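Below are structures written as structure tokens.
Shared chain: chain A. Partners: chain B in the first complex, chain C in the second.
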Partner chain A sequence: MKKSILAAAVAALIAASTGAALADDVKVGALMGITGPLANFIPPILNAAKLAEADVNAGGGILGGQNFVLVVADGQAAAQPSVDAASKLVNLENVAAIMGALSSGATIASANAVSIPNNVLQVSPTATSPAVTDIKDNDYLYRIVPSDNYQGQVLANIVLDEGLNKVAVAYVNNDYGVGIANTFKASFEEKGGTVTAFEKHEDKKNSYRGELATLASSGADALVVIAYAGGSGAKIVKQSLENGFFDRFIGTDGLRDDLLIEQVGPEALATSFFSSPTSPGENPAADALHKRFDETYGEGSDKPFVDQTYDATMLIALAIEKAGSTDREAIKAALREVANAPGEVVGPGEWEKAVKLIAAGKDINYEGAAGSHEFDDNGDVAGFIGKFIVDGDSYKQIAVFE
Partner chain B sequence: MELPGIAFYIVAFLTMGGIYAILCLALNMQWGFGGLFNAGIAGFYAVGAYTAAILTSAGSSAHLGGFDLPIVVGLICAGIASGIVGWAIARICVRLKADYLAMASIGIAEIIRLAIVNEEWLTNGSLGISRIPRPLEAFYSGRAAEVVFVVFVWLIVAVTFLVARRLQQSPWGRVMRAIRDNEETAASIGKDVQRFRTETFVVGSVFMGVAGALSAHYFKFFSPDATEPLLITFLAWVMLIAGGSGNNLGAIAGALAIWAIWSLTEVVTQQLPPDWATRSSYIRMLLIGLLLQFVLQRFRSGLFPEKSPKLRISREK
Partner chain C sequence: MIDFINFYLIPGITLGSIYALGAVGVSMIFGILRFAHFAHGDLMTVGAYAALTAVWVLGIPALAAIPFAIIVTCLAALLADRLFYRPLRDLPTIYTVIASFGVALILRSIVQTVWGTDSQVYMTGFQKPTIFFDTFRIATRHIQIILATAALTVALHYFLSRTRLGKSMRAVADDPDLAAVAGLDTERIIRWTWIIGAALAAIAGVFVGLDTDVHTNLGWNLLLPMFAAALLGGIGKPLGAIAGGLIIGIAEEACTYPFFGDTLIAPSYKSAVAFVIMVLILIYRPQGLFRGRLM
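Take a look at the complex of A and B:
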């Protein structure tokens, strides 16, 4: 019995290793942290990548009608397994490029250990750490979300525009919280505001009353919360309200979660506002994409990083089409050409049009659902930050900052 | 799938596998020779990784660093720093019986992790340290650099193995085994049990630090999320138990075998239909669990069970 199980396992391994892709597939790796700490975010993100894959194939395929195939790999949102997963994508699956990873630590480690030495283009839809900017990547690593530094600066402007000069800051002690909080503080104070208290906290505790009492005694007009709603953010807001510490909150994209409204109710958040990376003001292409997304998968188009993941996958596909082959060097060289102006604008769902333009030798400029994606020398984008308020049981965008 | 691709997958596999092999050999010194239940491996790994990162990385205003020292110096210092931490902990905890030592070491690893996350001037906190160099980077780039690094890692595996074997075969190793198997008897013939235990704990910690340093150089970036206990402490323990605790070759074999299970299961689950992408990752976790069960049940004392080295008794007298 045992032997037959073993034999079956070996047979499966052999079949797996020889069952390589059909000749007519163009493979791109999707390095996702499916089973790690980010597991909650994964289903809509994966659907966004699949929607992009389906759009390419429905629009006539890639490189003259070949099948565009995403190979999903699980990096568990940690460095060691992400490096291992990326190595399998590059060496065994022989992918043309990699979309991912999600967390910054996993992205940097997999790029340094796998993508850059193997000359594989890697585009992360979600890595926001400022450290991504400085990597010596020979131009192989890109991301299509603005660095946390950027959101911190914009948030400082938004808060000052509201007429708030004295705020306290509570931020979660991880790369997300620390990154935004530090740039927010520097930028806010430089522009004349006062940060009365600046406290970091650990995620997933039951009570934050101790920290909140300290923050409240500092005499601030409002509390800036830089944390994930599901981790500590919603609890901080709830406990502040219950104990009368604060009644006005300013949150980042981590807090801008339906969960927050469910837990404290819309009335309590009437004067609060939120910042989040967003699409440019009027973006019919994004609206159409969201509609198609919800039709295909039922729900989830408003979830975090759906737009970015779709765009990252689409940009890689366009770069491959532009390169005219799966030559990894050529793909890297083509990414900036298809993403940056000048060129004829193409958007989400316009794959067929893009292919025709490329075939005609025209320059194209992909303007995505999450922004226009103009890469600078470091492979970063400026992006847009939206200002959101609570409207009923969801959020409404009232202004966009660049 | 092409041949060069498979070859370079094996290079990447052996790099991570080699780092785990060092970790596993180090744990073997503590548990296999000395019977010391260290459940805080991730802490020593982190100390080593951060020491090497701070000493060898290019300058940064965000944290202590910018010493730009040679990598070998960084590795030695990583071992020393981790050894000093190990010594301090051993002084406090080594008298504890196995299960209490396990609890104490979990706690200490957590203290180290929190210190790393919070002492931003030293480690840049949760943002991590970047621009950590690799050996001979100036001369080799791209895939050649991968090969250079795997050779470097396995040279250190070889050094660790030779040290471990020498320790095991020496009179010191015999005393350690005696203490492990029967503390009172060893004490009754005049062996200083605490001193021997402290020594073995420190030696093991040194090599755990070296393993951490190597992974910092491999990723060229190190942040607290690379010290996840599941991927360091837990995995090193499974590797040692599967390979055969007390046997140095077993430690290396166990590291490679378990890392192969960890890595290759994904190749299998990737063959499932693409619609199953999320599910297949969880199926893989299930498969890993099943295979670990299988290995641990099938090979109770490990792939290579412990063999006591032969005594060479001199007959000249």
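Take a look at the complex of A and C:
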């Protein structure tokens, strides 16, 4: 008896969960590191994805009026949980494509283990590691941030421009940290700077004083921290300040997190600066998007990767519309057509116009809030890197490099 | 040498103190209830967040919030025992072990739902360490953590060796059948095992938050070194677990010191130290340093 009740309950649960996804839904997975070292970045990023979802549905829906539904899965910004989450999205939720993951390690792992073998289009809004470029992805993996080959070079220039010729580098031991640290080091040394110490560390430890003592004894003027603020970055900065190892820090996009200011205080970071992929300096489409974002969610349009996430979600929706069905192969083939020139330009919030153009058989070219997104053969884009400083309890962009 | 003390030894003792407090609970639960309690790390997380709430609501410092952390964590542990572990008590322990995995996930998800997934701090900003004799730089919170752990160790020793309840616990840990025949109230002892284990876990959780930050994987990340510490000290030997925790904490930090001019182990491998120690003990001295029970 008990067993049959249980069976009925399980059956009801399954019916309820699949019932939510009606036949008229077009599902796209959003693979996010909701918990883990990137947790603090997530709320505005998730809102950006939801804004794109709402824009599609408000503009008449997708594939002839169907509902566009984002299915969010937590990959913990780590490789193994992301593979599990992606495999749930693909095999259980049967999504048409995946937007994500956020960290490079999670993106590479989920693409290699799930998306590529299952022929699912995956577009990461934030994976910056150079290693993403060289994956044999049969054209299923794209990203809409520039590779760290680029951020590393720009950062080297910014650091030298500040008059810092001797720096130590602490970087986290994952695809993101190793990738950008190596490109930074090569570029910095080539341009005449000296990297006095170059030390990788493991995420999520409680004390980095040992590593920092070694780095500090190398005689550097400042410390370049390439790590996620929520994983090890904020602890490294804090422990450096406490023990007088370093008082000036240079961070990449992973460290440029409000959490850092919250934990360390803005005064101590007055001389520090940060690099991060950003949007073009003047972009009316982005300004309009930010305004709508803040009206809908109260705040957060200036946070990292909001533009990129909106664009990634929008591009996937456009590719599905262009493909005319949820056939995964066709979606993949359609992505470049809607993203790359030539074609009539559509921007954020112009879903209805895009649908009409596609229906009329016209070629479109999505120019997003974060840039024009012209994918090259590797599925990479060129982009913009901003230089940021601390301003109150958040960051202010003071220069843009293309 | 001064560098070694300031930047390797003191942080190592601090880390070891946190492992030690967590490992006591793991060791006692393993000794008395006979199963590896995988939810112990997440009990620490619950404690850290309970204290965070008290800090927010009452505006008190984190150390003063420890009683709240203890109460909430003990309730969580007793509830988990009543709902999930007690019904499985008579089955082979592997059922309880798996159940404790489930409890770990439940606790973490509750914490994520209630407090969110962002990492938080008890106090913004950073403290300059106190400088002793112009050479030793020790952060105030490290002094607090180390002294508190020392005091708790003394109290625990007194409790186990002098009080009736403490002696009963040791009796159950040493030989449960004999203890039952002798008429000891096993359920009561189990209840107190949970209370002590959870209270120490809550304190350890607050200490982690005090030393670095409070996040939802705080306890889970420390679970492996805590198990290693419990094994090193000997299962069912709470004081052994404290020694084990300190040894592992210090070993983890000290192994990265450049003793011979060059770093002994690259710092990125220091997480492996607890693993290596645990494997070596299991192979060569499975009863642990303090002659604990064999698994």
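Keep in mind that, in the parts below, the second predicted complex is superposed on the first by the 288 of 402 C-alpha atoms of A that agree within 3 Å, B and C clash if a C-alpha of one lies under 4 Å from a C-alpha of the other, contacts with A are read in each partner's own complex, and residues count from 1 in each chain.
Please note the rule applied: contacts are C-beta pairs under 8 Å (C-beta built on N, C-alpha and C of every residue); 3 or more make two chains touch, one makes a residue touch a chain.
Everything numeric here is computed off the predicted structure, so don't read it as measured data.
Asker: After superposition on the shared chain, which partner residues are touched by A:V83: those of chain B (first), chain C (second), both, or neither?
Answerer: first
Asker: Tell me which partner A:N173 touches in the superposition: chain B (first), chain C (second), both or neither.
Answerer: Once the two structures are laid over each other on A, A:N173 reaches both partners.
Asker: Using the superposition on chain A described above, determine whether A:T35 touches chain B (first), chain C (second), both, or neither.
Answerer: In the superposition, A:T35 touches chain B and chain C alike.
Asker: Classify the contacts of A:A131 with the two partner chains as first (chain B alone), second (chain C alone), both, or neither.
Answerer: Only chain B; A:A131 stays clear of chain C.
Asker: On chain A, which partner's contacts cover more residues, chain B's or chain C's?
Answerer: Chain A has more residues touched by B than by the other partner.
Asker: A:R209 in the overlay: touching chain B, chain C, both, or neither? Say first, second, both or neither.
Answerer: second
Asker: Could you list which residues of chain A make contact with chain B in one structure and with chain C in the other?
Answerer: In the superposed arrangement, which is not itself an observed complex, chain A uses residues 34-35, 42, 173, 200 for both chain B and chain C.
Asker: What residues of chain C sit close enough to touch chain A in their complex?
Answerer: Counting only chain C, the residues touching chain A are 3, 6-8, 11-12, 14-15, 18, 112, 117-119, 121, 124-129, 137, 139, 208, 211-213, 215-217, 221, 253, 256-258, 263, 266-271.
Asker: In their complex, what parts of chain B are in touch with chain A?
Answerer: 1-2, 5-6, 8-9, 12-13, 15-16, 117-118, 120, 125-128, 130-131, 141-143, 145-146, 215, 218-221, 223, 225-226, 228, 231, 262-264, 266-268, 270-271, 274, 277-278, 280-282, 284-285, 298
Asker: If you look only at chain A, which of its residues touch chain B in the complex?
Answerer: It is residues 2, 9, 12-13, 15-20, 34-35, 42-43, 46, 50, 69-74, 76-81, 83-85, 87-88, 90-94, 103-106, 108-109, 112-114, 117-119, 129-131, 134-136, 173-175, 177-179, 200 of chain A that touch chain B.
Asker: Flag every residue of chain A that touches chain C in the complex, lowest number first.
Answerer: Contacts found on chain A: 34-36, 39-40, 42, 173, 199-202, 204-214, 230, 234-235, 238, 241-243, 259, 262-265, 268.
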